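Naming follows writing order (A, B, C and D), and every chain is counted from residue 1.
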Amino acid sequence: MTDLQTQIGDISIRSPLILAAGVLGTSFSSIKRVYNNGFGAMVSKSIGIKPNAGYVNPTIFLLPETRSAMNAVGLANPGVEDFFEKMKPNLEEKLPIIYSIYGNEEEQIRAIIEKLNQLNPLAYELNVSCPHGGKFGLSVLHDDELFRSLVTTAKKYATCPVWVKLSPNAVNITDYAEIAISSGADAIVAINTLKAMVIDIETMTPVLANKAGGLSGKAIKPIGVRAVYDLYSRFPKTPIIGVGGIETAEDVIEYLLAGASAVEIGTAFAYTDDQEKLGTQINSELESYLKDKGLKLEELIGKAHKE
Amino acid sequence: MTDLQTQIGDISIRSPLILAAGVLGTSFSSIKRVYNNGFGAMVSKSIGIKPNAGYVNPTIFLLPETRSAMNAVGLANPGVEDFFEKMKPNLEEKLPIIYSIYGNEEEQIRAIIEKLNQLNPLAYELNVSCPHGGKFGLSVLHDDELFRSLVTTAKKYATCPVWVKLSPNAVNITDYAEIAISSGADAIVAINTLKAMVIDIETMTPVLANKAGGLSGKAIKPIGVRAVYDLYSRFPKTPIIGVGGIETAEDVIEYLLAGASAVEIGTAFAYTDDQEKLGTQINSELESYLKDKGLKLEELIGKAHKE
Amino acid sequence: MNTKGLGRPIIREIVKIVEETELTKTFYFNGEGLFAKPGQFYMLWLPEIDEKPISACITNIEEGFIGLSIKKVGRFTEEIQQRKIGDKVGIRGPFGKGFNHEKGRKAIFIAGGIGIAPIRSIFDLLKKEQEELVLIYGAQTDSDLVFKEYFTQFTNNVTYCTDDGSFGYHGFPTDILRNFLEKEIKKGGELNYSIYGCGSELFLKAVLDLIASIDQSLLTHTQLSLADRYMRCGVGLCGSCIIDDTGLSVCKDGPVFTGEILAKTTDFGIYGRNPDGSKSKIQPHY
Amino acid sequence: MNTKGLGRPIIREIVKIVEETELTKTFYFNGEGLFAKPGQFYMLWLPEIDEKPISACITNIEEGFIGLSIKKVGRFTEEIQQRKIGDKVGIRGPFGKGFNHEKGRKAIFIAGGIGIAPIRSIFDLLKKEQEELVLIYGAQTDSDLVFKEYFTQFTNNVTYCTDDGSFGYHGFPTDILRNFLEKEIKKGGELNYSIYGCGSELFLKAVLDLIASIDQSLLTHTQLSLADRYMRCGVGLCGSCIIDDTGLSVCKDGPVFTGEILAKTTDFGIYGRNPDGSKSKIQPHY
């Protein structure tokens, strides 16, 4: 068996596949199920300081014609207190879990992190890029001061690495990475969903209850690959986690070649008949590819950047 | 026959379908062929002051899994002098042609417009949003001062309306519209392609010779609809021309409901067997829809915005 | 995988409405592109109101329609009951895995309240193929029992129950099931039955516990359709409907599970999940 | 529409290289998913170099391979000629409409230089079905003539021509075509021929003019494959290959056009289009 282990800064995971935030990540049992399916690590649903019921339905639906999805869940989550209780089993099981967190005040970030530190996270993923998160979403990213202060705060309190998840709804995603990295971020996660909308022409109404939402899935893959490529060009020393439209080993490889050290997978869970095999299947295809090319996984990272 | 005529400010066209810039728009004969196929108007390839051979190939390829396309043509065009000669037949034929133009100096815009004014354009479409146009592309949009001065210059010399074509590679597309409209733009065209990249995993090389390019087609439709919706919310009085991923009458209707007064169609020309029928087919489906709903075309515009 | 039916809501006009009882109406739609297997469900969208899971109930492929039977319990279900013929709703799906028709075994159907909706879908399939169909169907009161004449047409082995004794047996469907199974056991021989059930989760839990107490080996032949779960995506993506400790999603891995699997979960019949993902005790209701 | 073959480059190793002449090599690839109809073409990608249109030439579905015959004329074609077995190239396509096999008519093939590549593809199809195959094939000099032994196997009605007289007839293929058609006319009766041609555009223009001068009604039965056109997308999108005044694209509406259509264009054989979209006079070359 070829080794699929990959390094993200100081962290090492057994496969570059990571469960993306917001997908199957609210309960410990589903997170564990994904781990058993060959994933290297799992990101939890984004957790805030208080419980949040999110928007009414429809909040999510698929666009099969482009193997994509639309969502405006609105950062629904049980809040850090309840979530902490739910994740306690991991003190024994020790699965590699990254906690996605959000907030729009330093104090919130401090409180969330101080609580979750007790769970020995693999890392935190600071979500400042939700396109339907209202005042907790993209607006945080677009306020340079606030953004910088939240990353700094997270770094100050976290007992593990802090990753920052960025949005492609940007003039140049690398400018946000600049702020994140100079504020101490250990890795950059790209990309979150793109601002989008689908209108039903029979009822003449936007389908999502929140009207606007985020586009994920195959449609956005070339946008994610480009973001990772640009980030790697500018910050070759900062680990990058690629996200967006990954369904197959080919997709994973494309992101690695662009410069990602690992990848996250979300929407693909809706497009597979057998969720239990998604990870093992991709892992074994990755192994074949590496064997065929006679390369180690780490040698793929950034290899599409010539001279 | 239901009337498909639509109004874009002072201009009226026989159908809301407009050929998008850069697609089949370098020669008068292909522009005319599209008109004969039922389109309301045609936008030319983006024309600069000097001839530009663009990038070497590959410059364009399709992504059929999402009915999309990648391109980095690099604003190839014969330059305004040569182009002017080519389009002279329109002084007699009087087809509704919108000239897409680009430049990064006031002087260029003035010179191009003074030349093309002689062709009695239906309108100009100022392209400041090409994601692979180098110093003539997105970087113009992202320089507020320059952007404002080019719109102002275009308005000053143009003998017809000036439309401004915006990019979704933005924090908030409506902020660019604000600049355009306050500088005199008569209409907003949205969206241009999104920054994207596809890497071939066998040769470990970006497929486009320019490496990065723009994503168009069905994949970006929800992004375009959202852009139009947001523009209409903020500027209900400025006509909007919707572009991005339109292939069918349903797609056109979605954009009209979002707030577009007309739409442009590009990539769909690659996904139709019979280019000669694309326009007439969509027109007749639009007519059926309007008849079925008992509505006039103008009544659809912005109808997805409730109360 | 086949992505048919996974997409955005398909808009359909209500073509017929049958008022089954005071609280329950059945809504009929053109079924083209929407036909489900028994036990699958849809996400039903009322534009600008909400979108909720509703079971496939009546599936008539020959005549091209489907019927959804809906009980008024809250905002969404009240809203739809105000809709008229010609009104438009959106339908996504069908979703989920549905019932597995165990050929060669006799069928017992057990339903509580509006849980009859998916039971009718599997009943309809089996009535074409099997002779012995046992239906045990309970509700709070007579006027909550739907499809009574319908079922009686196809089997004479129906027992209706009401909590208040207003119709049929005065008591719970589980009493009837217990009696039935115990009688069969006394007759000797194997309990060659498949049990198909739906109702509130507390009800289903009672059914499961009963069966486990009578014959553990029946658990693999018991298929219960969960209907007390909050759902968002319907496609196994969001995690809103996960049942601990298995990590299974009700929308994609269910909504029908075998008793064997349900017996392994720690949540079934005990904890539900709120829209924010937190859990709360399941409350009694029909 | 069927989108198969429309997508990104498929990467294939060169599995065999045949040096046909000093300037021309044929490259063989696993043909799976790439098999073309005669007259269609591919976009051939040399990563980090360029991507250019190349005709389907050898299509062997039974044995599962394709062969592309390429003449060295500039940077791209020189580069590929340096490639070895095992090297990887990208192939998009097949694109375009190809030749229309006019059943019930006798076939004349006329090729100039590397224009023989697509002619071989239609020749190969017809050799299985038709008896009378007339091939007229010219090049500058003997060593430019490819597939000589091959063609001779299947028809004894071949005339090779060279500009310098180094092989076969000393002169132009159009001379041979004129003689042939005039002889047939003298014999009396209808000219029941289909003419399939490819070569430089000046050559094709000479062919078209000749046919028009002999019998206008033959123009609808003349199919010429254009190969002097700059292309980008291959799918009728970018407009790089439009021929005025028709507005037709060579990549999607062609590359094969009937003489009737070509006679209507104002550009054919006169103006080509540069990468920037401007036009320039077509220069003589084979």
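The rule is simple: a residue touches a chain if its C-beta (ideal position, glycine included) is under 8 Å from a C-beta of that chain, and two chains touch if they have at least 3 such contacts.
Predicted model only: the values in this text are computed from it and were never measured.
Chains touching both chain C and chain D: none.
Steps from chain A to chain B, minimised over paths through touching chains, total 1. For chain B, the chain with the farthest CA centroid is C. Centre-to-centre, using mean CA coordinates, chain B is 36 Å away from chain D. Centre-to-centre separation of chain A and chain D, using mean CA positions: 51 Å.
Residues of chain A in contact with two or more other chains: 63, 65, 67, 70, 198, 205, 306. The set of chain C residues touching two or more other chains comprises 48.
Chain contact topology: the protein chains form an open path, each linked only to its neighbours in the line. Interchain contacts (touch definition given at top) occur between A-B, A-C, B-D.
Only residues 22-34, 45, 51-54, 56-65, 67, 69-71, 73, 76-79, 82-83, 198, 200, 202-203, 205, 207, 209, 266-267, 269-273, 275 of chain B touch chain D when the two sit together in their complex. Within the complex formed with chain B, the residues of chain A that make contact are 63, 65-68, 70, 138, 142, 168-172, 194-199, 201, 204-206, 211-212, 215, 218-220, 222-223, 225-227, 229-230, 250, 253-254, 257-258, 289, 300, 303-304, 306.
Residue ranges of chain C in contact with chain A, taken from their complex: 1, 3-4, 6-9, 11, 43, 45, 47-48, 50-52, 88, 90, 92, 232-233, 235-240, 242-249, 252-253, 273-278.
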